[in-house]
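In the two assemblies presented below, chain A is common to both, partnered first by chain B and then by chain C.
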Partner chain A sequence: MSKATAPKAVSTTKKDPYSGKRVLRKVEPYIWIAPSVILMAIFILIPIISVFRMALNNVSKTGQLKGFNNFANFTKILKTPAFAMVLKNTLVWTIVVVVLSTVLGFMLALVLNNKFRGRKIARAIVVFPWATTLVIQASAWGFIINKDYGTLNTLLMKLRIISEPVNWTPTPEAYFGWEIACGIFVTIPFVTFCVLSGLQSIDGSYYEAATVDGATYWQKLFKITLPLVKSSLTVSTVLNIIYVFNSFPIIWTMTKGDPANRTDTLVTYLYKLAFYNGRQGEAAAVSVIGFLILLICASVYMIYTLRKGDGDL
Partner chain B sequence: MSNSAANTVKKPVSVKKVILRVLLYFVVLDVCVITLYPYFAMLCTALKNRVEIFSGNTILPVTALWSNFIEIWSRAPMARYLLNSVLIAGGSTVIAMLCGIPAAYALARMKFKGQTAFLGFVIVSQMFAPVVLLIGIYQVMQVLGLTDSILGLIFINAAFNQAFTIWLLRGTFIGISAEMEQAATIDGCNRVQAMMRVLLPVAAPGIVTTLIFIFINAWNEYTVALCLISTDTLKPLTVGINTFNGYNMIEWQYLFAASIFAIIPVVILFMCIEKNLVSGLASGGVKG
Partner chain C sequence: MKKILALLLALAMALSLVACANSNTPDPTKDPNAGTQETQKPDDQQPSGDKIDINVIAAEYGQNTKKWWADFQDEFNKTYENINLVVEVVSWNDIYTVVNTRLGSNPPDILNIDVFADYQADDLLLPAKDYVSEETYAKFYEAFLDQSVVDGTVWAIPDLASARAMYYNVDILEAAGVDKVPTTWDELKAACEKIKAYDSSIYPWGIDMTTDEGQAAFAYYIWNNGSDFTDADGNWILNDPKNVEAIEYAVGLVNDGLTNTDPANETRYDLQDLFGAGKLAMVIGPNSIPTYIADNYAKANTPKEEQINYAFAAIPTNGGNPSVSAGVMDRFMCFDNNHSAEKIEAIKTFFDFFYEDNRYSDWVLMEGFLPATSAGGEIVAASDPAMAPWVDIVGSCKFYPTAKAEWADVKQGVINVEQQALLGGNVQELLDNLQAEIAG
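Let's turn to the complex of A and B:
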């Protein structure tokens, strides 16, 4: 009897905590992610929802919702003459900055991947623009290109390249061009370091084998290097599209989008709409439009690269 | 001996190599000069007086006015700005890590329903820069009574850095074998103990990298602070230094002197993590 009951007792006492453990097992991961979920829900998800709601409603100056207005915010924004220009500026800004900084950053990574004296110092220096806050970087460049007392004019005059001060920013377009240059300048390091990390993981024996087979430098670049750093390039490009599209401080510091929206991008435009003009509903509509554009770009890019990746497998 | 012999034999062939080498140094030097130029201009300007700056005749200051670096502390509440920046960046880092480590651990070590949905939201959240959501953020902050407060900025920075935190840490954790933790669990540790005692020490380099990266991001944040903070003594450095960038005239020497104080700590931190950060980015990306 005692021999028969003993195992039973053990099995029942074992069964209870076991099922308790199973419930715990199922719930446990959610407890682990809960703090992160709560944090992001309050400070990212709720703002997202509130922006979408504001975009679809009449909004008073104090931010109160006054009912669904049949996409009036969107039609109002799309009819604003300045909006087409702002949209064009945004696309030019994003495409030029991302493309040029990716190309230049890639080339710089190839250079820095060589073994040479002072490579560590060179890499440390290249990191500078990435580490510096954009406001400071932008005000420095604003100072450098100033036509009256900027250091670029002083420098070029001392070097006798020019004889009198040049007005580097005669038109709003020229100013926008400098803003783009500044954007490229601060974006290059990120691309460079992403590519460098990819380059360092490439097995040197590939190149040796290719050299034995008589491959030229360009063949090695396109047939070995490029395919192997593709994933690093994808990461940096997708992130850059998002960051550059949403970049605010450079333009805000240098021109505030003036004169007359000629150097505005979507984010500076919506900032002014919301916090200077009190047109929050329309600003929210601009946010939503911006998000949709980004979503389309990012998903096209992802799908394209994922498909190519499948082909490789 | 045989090595040096081989070198002397090879030398005649490498004329092309010498040219390439010279070209390489030329390019590297150019890149470095252009990169450092804005910093050089800032430093020189920070050491000039107003008249010299606006005359635009000199590159180096005639006499270096180091007093500019002292004067900024009395002309604006610089010490306060600095303290605010430290509080905001430090606080954001702590909260982002406290929330991010367990989440990254769960994503790396457990299987659960909604895992992909969660990762998906983390990635999509990256698409919304705070500036796009400012109107919404402002409303949430009004409800919570956190407009014009440092605590509000801490939460915002922590939330918007969650994606990076989780991304980087998940990559780090996946790269570390789970065997040691399992052994620790058999020895009677529970999961939390196993993570704290076994995983985190091994993952320390990745954690430090993530930590510094969030700190730098929060330190450099400008847009949300500009929008939410109206009290001068609550401003971080990035917003505060614009005191010298007035409507009527810009006091460049003070602006740049103050800027240098804002740059130096970050550049040093960044140089410490540069190598780890990039490999972390890449591994998180490949495995995602």
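Let's turn to the complex of A and C:
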């Protein structure tokens, strides 16, 4: 658009002393957004294009592209027995972490929205898990549940609840459960703060009017609070779906997807494919599949929740 | 006026961003780990005056590597004024990505890394004899050079090695009534049972079948059962009956409760920590274990009485086969960047300088590794009595078949088999499937 308007403006420069300003006004917005557009192009668009290119090419182990290979990367991945399990793990991981952390985060936000002594401290404490690096969080969780030197066993033995160390991770499923617990723990603060910001913007008079009309607590929660924080919840849920689906550090730090892909999600699986097996083309294909799944999930969710119009956001 | 100023500012910002992006693109190796060596930017395309540029990417083995290479670079450049050597030291975490990115635009002349077959498969390397002088070439152990052969040509030369042996806690074995250090699988199992009976809180035997290094466990057991990854002709024999027997034996030890709890998730380092803490009686580990344990004790200020009393012995074997140690070897390789004859001479000079016996033994000792040349071996053995038995071991140990193009898949494949077997899978079926997948 700027291309089309610029020559026209230049041709009138000599005649109209104010046209310089006019050109400026038209071009100005593009200059202001230029840095972010350039940044996005460099750090988002180019990598996306190169991942798609790798997914469609035969890629050698040293990363050289050897030509289009007729979707062989995709067919090979879809035929791998581990892929179905990894996909299932990814869905379980995303759904459980997002749903539970949203419910728990919402409840916590309701509690923190009440006025009570030490509310500020309580809010600060909620931020802690969020403010710590995920790798540190996951290492800490791994340290807590470790059978040999874990703090959970030490604590329970000191309290004389158990007499000898318990193996908290006897099966891959147990490991995955702990990873999910860690995922929920680190996701809650984000939901809480999104909801809390929504809650604080609700006018108190709604509740007063409802109380006068004799509404119960639950009626107020479902008829006033929920509809009014829906937009905040939508934002936090969509972002969480994306973050959790793509989350790498927790699983990588705790199990690396072991044993035998039982705790792998798409992201850890593709990392292993690319950097341990040297199959970068297939890894790129997994990445593209993940991208498409996310695109569909996020679009469906946004269309569903926002179909009543833009008004909510 | 303000608007124009603001506009100029915005333009400047945008331009500087583009400029940043440009200056970053050709040199993606700029990472904080690369350190001081980056003050001189490697740029093969622009010779600095009439000097010949050689740029090297080297792996960071430990805390001393950067300093060692920096000193080496200074000394080399002072000795050979017509050559401009630049060494970039890159951490193991980043080196593969750095090299792969550089291959597109500005490949290094010389690379120090562990694997070479992938680069060779893409026709990126020169044969070793082209860039190493005869004198230096003659110094290497023959068995080491054999590890870098593809189609009858040696493509890379060894820079150092490490070897593995069985470490055992002398006090635990004694207290448990194990009179003789186990040398066979039967003796090993019997010793494990005695240790378990003596104190059930001590793990008798350590096994690491993790994504980190599960292939090492596979190698320890199959090699010491008289088998291998490949037959004499280099064909994969992953489902050989002896390999099945070996993995069943190892998984059997886990199922009998004679090992650490979670071999699929406990890495070699976890095992070394347990061993150092006296919670693990025996474990197979590299020659660097004494340094590792001593460092940990120093860091934690462990009092003398809590430190363990340990020794090492040959890895136990089965069926009367001789004990085989697993060797790990890293390499130098030279990329085929259409070098001039002069440059090839300069590269030969570099290797002559590097493998000069005293300098080379200094390099090896710097991070506690083992030498890949016989002369280096003699110097190392003479200078450090603790290293002497290792120099013997490394001369006779076996290596992974890293020269084969399928190695990366085999490596991940055997780890997967081990982990499936730990979950109750049938070893024979798993190895049959892997063999079918790899050998087609």
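Rule of thumb we're sticking to: the second predicted complex is superposed on the first by the 283 of 313 C-alpha atoms of A that agree within 3 Å, B and C clash if a C-alpha of one lies under 4 Å from a C-alpha of the other, contacts with A are read in each partner's own complex, and residues count from 1 in each chain.
The rule we apply is simple: a residue touches a chain if its C-beta (ideal position, glycine included) is under 8 Å from a C-beta of that chain, and two chains touch if they have at least 3 such contacts.
Here the structure is a predicted model, which is why all the values come from computation and not from measurement.
After alignment on the shared chain A, the placement of chain B and chain C results in a clash.
Look at A:198: by the touch rule set out above, it reaches chain B but stays clear of chain C.
In the superposition on chain A, A:276 makes contact with chain C only, while chain B stays out of contact range. Between chain B and chain C, more residues of chain A are touched by B. By the document's definition of touching, of the two partners only chain B reaches A:242; chain C does not. Of the two partner chains, chain C is the only one that A:64 touches; chain B does not reach it.
By the document's definition of touching, of the two partners only chain B reaches A:290; chain C does not. In the superposed pair of complexes, A:148 makes contact with chain B and with chain C alike. By the touch criterion defined above, A:129 lies against chain B but remains apart from chain C after alignment on the C-alpha atoms of chain A.
After overlaying the two complexes on the shared chain, residue contacts for A:28 are found with chain B and with chain C alike. Using the contact criterion defined above for the overlaid structures, shared-chain residue A:47 touches chain B, although it does not reach chain C.
Listed for chain B are the stretches 109-117, 145-153, 163-171 or 199-207, of which 145-153 clashes with chain C, judged after superposition on chain A. Residues 28, 32, 35, 38-39, 42, 63, 148, 275 of chain A are contacted both by chain B in one complex and by chain C in the other. On the chain A side of its complex with chain C, the touching residues are 24, 28, 31-32, 34-35, 38-39, 42, 60-64, 147-148, 164, 167, 169, 172, 175, 255-262, 272, 275-278. Note for the complex: chain A touches chain B at residues 26, 28-30, 32-33, 35-40, 42-51, 54, 63, 108, 111-112, 114, 116, 118, 122-137, 139-141, 143-144, 148-151, 153-155, 158, 165, 193-194, 196-198, 200-201, 231-232, 234-235, 239, 242-243, 246-249, 252, 267, 270-271, 274-275, 280, 283-284, 287, 290-291, 294-295, 298. Of all residues in chain B, those touching chain A in their complex are 21, 24-25, 27-28, 31-32, 35-39, 41-42, 44-45, 53-59, 95, 98-100, 102-103, 105-107, 110-112, 115, 118, 121-122, 125-129, 131-140, 142, 155-156, 158-160, 162, 166, 191, 216, 219-220, 222-223, 227, 238, 241-242, 245, 252, 255-256, 259, 262-263, 266-267, 269-271, 274, 277-279, 281-282, 285-286. Across the complex, chain A is touched by residues 3-4, 7, 10-11, 13-14, 17-18, 21, 96-97, 99-101, 103-104, 118-119, 121-122, 124, 201, 209-212, 261-262, 264-265, 274, 279, 405, 408-409, 411-412, 416, 419-420, 422-423 of chain C.
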